[in-house]
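Think of it as A, B and C in the order they're written, each chain with its own count starting at 1.
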Amino acid sequence: MSDAENTLDPEIVRALEAILLVAMEPVSPVLLAQLLEISQTTVEEVCERLAETYESAGHGFQLVKIAGGFRFQSHPDLAPYVERFVLDGQQARVSSAALETLAIIAYKQPLSRTQIAAIRGVDPEAVMRTLQARGYITEVERDDGPGQAVMFGTTPLFLERLGIASIEHLPSIADFIPDASVVEALERGLRVETDDVTAPEV
Amino acid sequence: MSDAENTLDPEIVRALEAILLVAMEPVSPVLLAQLLEISQTTVEEVCERLAETYESAGHGFQLVKIAGGFRFQSHPDLAPYVERFVLDGQQARVSSAALETLAIIAYKQPLSRTQIAAIRGVDPEAVMRTLQARGYITEVERDDGPGQAVMFGTTPLFLERLGIASIEHLPSIADFIPDASVVEALERGLRVETDDVTAPEV
Amino acid sequence: MMKYAVSTPTFEGPFDLLLHLILRQEVDIHEVSLLNIVTQYLEEVARMPVIDLDLATEFLLIAATLIELKTRRLLPGKDDGDLDEELALWEERDLLLARLLDCKTFKDVASVFNDLVSRADLSFPRMAGPEERFAALMPDLLEGVSPLRLQRAYLRAAAPKPPKVIGLEHVAPIRASVADALVTVSQQLRLDGRTTFRKLVTGINDRIEIVVRFLAILELFKQGRVDLDQVERFGDIEVIWLGVEEQEISIDKYEG
């Protein structure tokens, strides 16, 4: 370790902690170096020192290097508590909101959160977090367009759980898509008296 | 604080840290109490103490009570770094019309759209649709009265956006009642009897 | 969606506008008069570009209330007037006042909300969730979900939802127009020749309709078709038909 870093720069440590706390996935040292405007070596050094500090202070979390990046995770010692939380704190059945969101992603993938929101009419953020945590959906690519929206798609686990070989094996929805006039009328915000294409409640 | 907790039980603190680290939304003290097999009061006390410890140690993260539960979040000081990291982190601003409607709902919930319209003087339909799509308000119940108006209230996400623990933590509405001078000005503006004898303009 | 905001950049609604006008006048020292407020309010409404009907209605509703307050003031003889009318007028005014106070209250609250949101926006929550090693523990949410059920869920989600019908229950429908009132009142006057304002509004309970009828009579007076007489202050107004029958009765455009 270089002399300069014998005492960690508090501002850098704090920024690191903040970024890693909100990150959904491990953050690469390259990206951290860019964000903090320091060298990649410094990032590595600071993270290692920080990890040691947490360990010796006896925190319930760890800073680890995994999959090429750094992330916070729960300390293995505390697994029994986390297990209890994971088992207790979650609903055992999929909510209809979650199922609808999953269905939209399955049929229309890849698509962004904004696109899902547009179809469902509500922000799917919380539901998507659950689906992602369960491993049914994943980020598949970034949109080429401006803003580079994160695009989502279903995972092999999803197919496995549904018992189908591929997405093509999902039942067709083509026959049920409302025709252009309905869509247009809805866009104009007019009331449409139309035979509902809604399938019966499951 | 009771004597027993003058020094925090390290096992409880560690378990708390581990659970809160893996949680995807604020965790209620009730659930934490169950998981840790301690009283809810102890949970609250330990969390408060822990939050203070983080703050005084100058960490880049915070433990806060929000929307009825505890969660980890990045420290506000470090927003510039985190914003750089979270590409689509910029939450769209809420318009002032939307905020006023939200304020009415927050303080008067549950209430119907008609009741909101009566206060605002404009139909809040468009604004409410936005608020609902963002997940800040939701239909809470149906009025018992004739017509069974849909009643609206705020959601936990609303509390999260405002960064408060519960509706009770909103500033008291009494503080906002316009003071005597405003009332007087309004009264004068709408004064009915007056001495000026003005000819009809019609 | 936010069409209102575009068409009326400054004022979100009639209360907003009225509140602004009254509180601004306060600065101009004591001579705040209802007359000025009404005039300015109507000017603002007139200045608005073509706006959607619902919003226009809401602005006009308040305008009507203001005009009513104003017309009451123009009636001479306030000392010994009808107590019921007097009370009704105060009630009307107090109602408007109460709504303006509400409007102001929540405007102030909204700005506090804005501060709270701005502060909360500086912190970002941890949302990463449990690590992979706990994934197996999580109950399978898709237990019992068949492809067919997924298809139905999609159809349910993608089905067009009928837009909510805009409820206008809160807006008192303005059934009366001055033009209609002119016709009705003229017919009645042709029959009666001489009558009183009170008789002309017999059976009408809607405040706005009464106002509109009053405006119609003022219009007839202006056109020289009726003569008006009021013996005592706040007394009944006598309306005398002057009998100009030939040409069609028309109305000038009303500012309000």
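Note that a residue touches a chain if its C-beta (ideal position, glycine included) is under 8 Å from a C-beta of that chain, and two chains touch if they have at least 3 such contacts.
Since we're looking at a predicted model, the values are computed, not measured.
Enquirer: Specify the chain pair with the maximum number of C-beta contact pairs.
Expert: B-C
Enquirer: Quick check on this structure: which chain has its C-alpha centroid closest to the centroid of all protein C-alpha atoms?
Expert: Minimum centroid-to-centroid distance belongs to B.
Enquirer: Using only Cα atoms to place each chain's centre, name the chain farthest from chain A.
Expert: Chain C.
Enquirer: Report the inter-chain centroid distance for chain A and chain B in whole angstrom, where each centroid is the mean of the CA atoms.
Expert: Averaging C-alpha atoms per chain gives centres 25 Å apart.
Enquirer: Just the number, please: Cα centre separation of chain B and chain C in whole Å.
Expert: 31
Enquirer: Would you kindly tell me how far, in whole Å, the mean C-alpha position of chain C lies from that of chain A?
Expert: Spacing between the chain centres: roughly 47 Å.
Enquirer: For chain C, what residues touch not just one other chain but two or more?
Expert: In chain C, residues 124-131, 134 touch at least two other chains, as defined above.
Enquirer: Would you please write down the residue numbers of chain B that are in contact with two or more other chains?
Expert: 21-25, 61, 72-75, 77, 82, 86
Enquirer: Inside the complex, what are the residues of chain C that reach chain B?
Expert: Residue positions touching the partner: 1-5, 12-16, 19, 21-23, 25-26, 30, 32-35, 37, 54-55, 58, 62, 69, 71-74, 76, 78, 89-90, 93, 96-97, 99-114, 116-117, 119-131, 134, 164, 166-171, 215, 218-219, 222, 254.
Enquirer: How about chain B: which of its residues touch chain A in the complex?
Expert: 10, 13-19, 21-25, 27, 31, 34-36, 58-61, 72-75, 77-78, 81-82, 84-88, 132-135, 157
Enquirer: If we count contacts the way the header does, which residues on chain C are in touch with chain A in the complex?
Expert: Residues 124-131, 133-135, 137-143, 145-163, 165.
Enquirer: Report the residues of chain A in contact with chain C in the complex, numbered from low to high.
Expert: 18, 21-25, 71-74, 79, 82-83, 85-87, 90-94, 96, 98-104, 106-107, 119-121, 129-130, 132-136, 158, 161-164, 169-171, 173, 176-178, 182-183, 186, 189-192, 194, 196-202
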